[in-house]
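Got a structure here, written out as structure tokens. Questions coming.
Labels run A, B, C and D following the written order; every chain starts at residue 1.
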Amino acid sequence: MPRQPKPLVRSDIAYSTPERISVRGKDLPNEILGHMNLGDFAYFQLTGKTATPQQSAMFNALVITLVEHGMTPSAIAARMTYAGAPESLQAAVAAGLCGLGSVFVGSMEGACRMLYEALPADRGDDSDLATLARDTVAAYRERGAIVPGLGHPLHKPIDPRTPRLFELAAQNGMSGRYVKLMQLIGDEAARVTGKALPVNATGALGAICCEFGFPWRIVRGFGVMARAIGLVGHILEEGERPMAVELWQRVEDEASAHLREPHEEKP
Amino acid sequence: MPRQPKPLVRSDIAYSTPERISVRGKDLPNEILGHMNLGDFAYFQLTGKTATPQQSAMFNALVITLVEHGMTPSAIAARMTYAGAPESLQAAVAAGLCGLGSVFVGSMEGACRMLYEALPADRGDDSDLATLARDTVAAYRERGAIVPGLGHPLHKPIDPRTPRLFELAAQNGMSGRYVKLMQLIGDEAARVTGKALPVNATGALGAICCEFGFPWRIVRGFGVMARAIGLVGHILEEGERPMAVELWQRVEDEASAHLREPHEEKP
Amino acid sequence: MPRQPKPLVRSDIAYSTPERISVRGKDLPNEILGHMNLGDFAYFQLTGKTATPQQSAMFNALVITLVEHGMTPSAIAARMTYAGAPESLQAAVAAGLCGLGSVFVGSMEGACRMLYEALPADRGDDSDLATLARDTVAAYRERGAIVPGLGHPLHKPIDPRTPRLFELAAQNGMSGRYVKLMQLIGDEAARVTGKALPVNATGALGAICCEFGFPWRIVRGFGVMARAIGLVGHILEEGERPMAVELWQRVEDEASAHLREPHEEKP
Amino acid sequence: MPRQPKPLVRSDIAYSTPERISVRGKDLPNEILGHMNLGDFAYFQLTGKTATPQQSAMFNALVITLVEHGMTPSAIAARMTYAGAPESLQAAVAAGLCGLGSVFVGSMEGACRMLYEALPADRGDDSDLATLARDTVAAYRERGAIVPGLGHPLHKPIDPRTPRLFELAAQNGMSGRYVKLMQLIGDEAARVTGKALPVNATGALGAICCEFGFPWRIVRGFGVMARAIGLVGHILEEGERPMAVELWQRVEDEASAHLREPHEEKP
């Protein structure tokens, strides 16, 4: 409880005194260290609430899904940066995170937002989900927009993460109306386009974020925190088995070949 | 085992096929999701090894310690960035990470490196740790450098995280010669300076990183991945209870007051 | 002229051979160094064309306007980052740039885009600008959006940069239909709202970008390159007269005061 | 002159009032816009002094040299980032800047620092430069370090920028003892190693920075501000002729080929 007028600059997350370090009201050394895993602590840092066992299982799975996706543009950017500034590992991770925007993690954010717009969190449970799905797909098609969270360029016919994420949701009491609505939207999109458009991992995760009740504006943050972990793994590997300089030379040579004269070729 | 000549560009972390997403040789949906917590997966992503229960307990605690430190320069930078580009949450986290350099997380890295230099990982167990501590402190003093991992400007007389981290290390079989050496270095530094210089959290974490056998170059990465989580928490709060614009106006007014003429004061 | 099939990876900007470094077809040492100023070279790097004296005058003024705006959130973020990682000056500049998004430089981009949408570059010169202004303002009002490039919270009644930028545009033959349209939009917005809404610096710059024919997607880039210069100035000053640590301590103290117990106050 | 006790938070760079925007004591609209080019304004922003015609010529050339170096790791990182977050152009530039560390721009910083350490700015003009060169090279060799600013992997036998930069220095009265010392260091390094080690562009620029009297800690900043311009050029081209997705797919395929089973190849 504040002992003074509410200040203009105020944070409820953490404080320190000489003897104490407190995060969200818990004593870090004695009530958190050794008592929570990293995913649970992330949940606690963000919500101020201790995850139930079900929330813990689901939230850890949600974030883990987003850690590692192979040699993505994000991983390549981080490796390129590390090659130039190995003394600034933090800047290499930062560079890799900068591209987690509309094209990649945007689709999870988009699915979450779409679901909340179709079905606000405070709406009663008697909504007709099939009608909402139909209206949602129709609205996206009318404005020529792609329905987020459906289909995948590589993972066909289905994204192998989706059934597992939905299974975990069911096991942990989180397979509610948002999961159902996302699936109905996939069915409806397939019906009207004639193409198979199953829910992909970002659609599943977007729906699960709605089940948690997370605001859609923070959903991208799960991808960002997860990828920071993945990028540290890539930088560790780049330090041991570098590829950045080799890639740089290939790109440099190929991209400017048409500009160089034959008698001026690099040795 | 590679089935083809070793390529110049090669990563052993992950691969995807239409039906499969594999990380470090495990099937992500079926062998990882629901079977690991986030800290364990981070350990797996970095080392390719499944954490034992003891490693899991210790590694989760290690990373959690680094997530949140209040309204740090890093958190302020992230909030300032978010105020200007709320559509680019990833860039706000990236901005906050950019400052995790020599001054803040550098001390954990420095402690880890110091310990490895005093006692290389492949050195036999018969080393005289007290002599190593004495030589290490003497070498730092001779070149006028501060011994990393000792003392704290706020947490006096002791950093409350240190005894808890060392307790967890003992409980999990990780209180070996590096933890002992770090403590002896603290004792020796106190002896020769006449000041209390107990091991702080970064010193304890640096020693624990050595117990794990992590290369010192990657130690900063634990701080970076942890802080990414913390910063998402700060950005979420900034969205709900903004302070960046208020701080900006205060700084702007104060910093330029001496330049403005009395009759030109801002309204 | 390419001597081989058009490669998938190709850049027309620059190439190097042992004896030659060429940018946009000019020899860097002998045809550029000593023959261009930095603004002209930026123009050349972006467009591949040598600026006329008029374009040179206008483009240098355009970018200079965006270099320095005092103790902005961007400058504060850069200084906070430098305090943590003084060995990574480049990361401090990067952190400061990350926030140049929709809130700050977005308004110049928005004005440029609005003007092109009202009056596409390939439209004939007989357009009725007054009608376009009326329709544009009406469209923004109808969807509840703010017309970009008008008004200023501090610079009242007029932004002192605007008349000077328009004067330079007139002197350099760049006061064409986009500048006129921007002014008419300001007049129309004032007429329908009853409030003075003169064109501000970002509105003037957005219109001048249209006069140059720059694509609206790159307009933010002028703000970014300009601010990089400004931020180096702030970091140089931060190194000589630091404020980051003082600001950090103030924010930390104020933000968490309500959480700390009276008997636990920091010393 | 301050009219109040020196505040803890103070900047001498700029201030704004409703009618006035002032940078380094000059009125931005009326005394700067239309009166300076971008390089001169950068010099003014950093030093608070108006460049002489000679300083203007040299400083513009110095920064221009650093703008564009082809498809560098920095350019590749920026393009990768833009592919993921095209709505955050500023984050793509930031990502590209993050790698301008010890490996690339570090050599200019290193040359500048080496020259100041050999010959402090306040040292009298009677120094024996040949002896300083000999001692400097000997000191680097003794500790196994590479002398910065000499030789080039591609530009052989000489870096074509060096003679031009030294020519401009001579024409503008900036070919003083630091330029001479840098050249003597190159000669000495060649003598003791038996290899041709002519001064490269970063060595020439480092020496010219000393002639200007810039502190070595800010020298990296010239590379950072210059490269920000170059990266905007790359991002503009990436928007028009993308290469990031093609590169990503190639790297992904090659890097993980050894992990995928033959029957699981991507289509």
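Here is the rule we use: a residue touches a chain if its C-beta (ideal position, glycine included) is under 8 Å from a C-beta of that chain, and two chains touch if they have at least 3 such contacts.
Quick caveat: nothing in here was measured; it's all calculated off a predicted structure.
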* Since subunit C and subunit D are copies that touch, is their contact same (over half of the numbers shared) or different (under half)? -> same
* Taking each chain's centre as its mean C-alpha position, how far apart are subunit C and subunit D in Å? -> 22
* Asked: Distance from the CA centroid of subunit A to that of subunit C, rounded to the nearest Å?
  -> 30
* Structure fact -> Residue numbers in subunit A touching two or more further chains are 9-12, 14-20, 70-71, 85-88, 90-91, 94-95, 98-101, 154, 243, 247, 251, 255-256, 266
* Would you identify the shape of the chain contact graph, picking one of line, ring, star, complete or other? => complete
* To do: Report the residues of subunit A in contact with subunit B in the complex, numbered from low to high.
  => 8-21, 23, 28-30, 32-34, 36-42, 45-46, 56-57, 60-61, 63-65, 67-71, 86, 88-91, 93-95, 97-101, 105, 154-156, 160-161, 163-165, 168, 171, 215, 217-218, 220-225, 228-230, 232-237, 239, 241, 243, 246-247
* Structure fact -> Interface with subunit C, subunit B side, in the complex: residues 70-74, 76-77, 80-88, 91-92, 94-96, 98-104, 154, 243-245, 247-248, 251-252, 255-256, 266
* Over in the complex, which subunit A residues touch subunit C? Could you list them? => 1-4, 6-7, 9-12, 14-20, 22, 85, 87-88, 90-91, 94-95, 98, 251, 254-262, 264-267
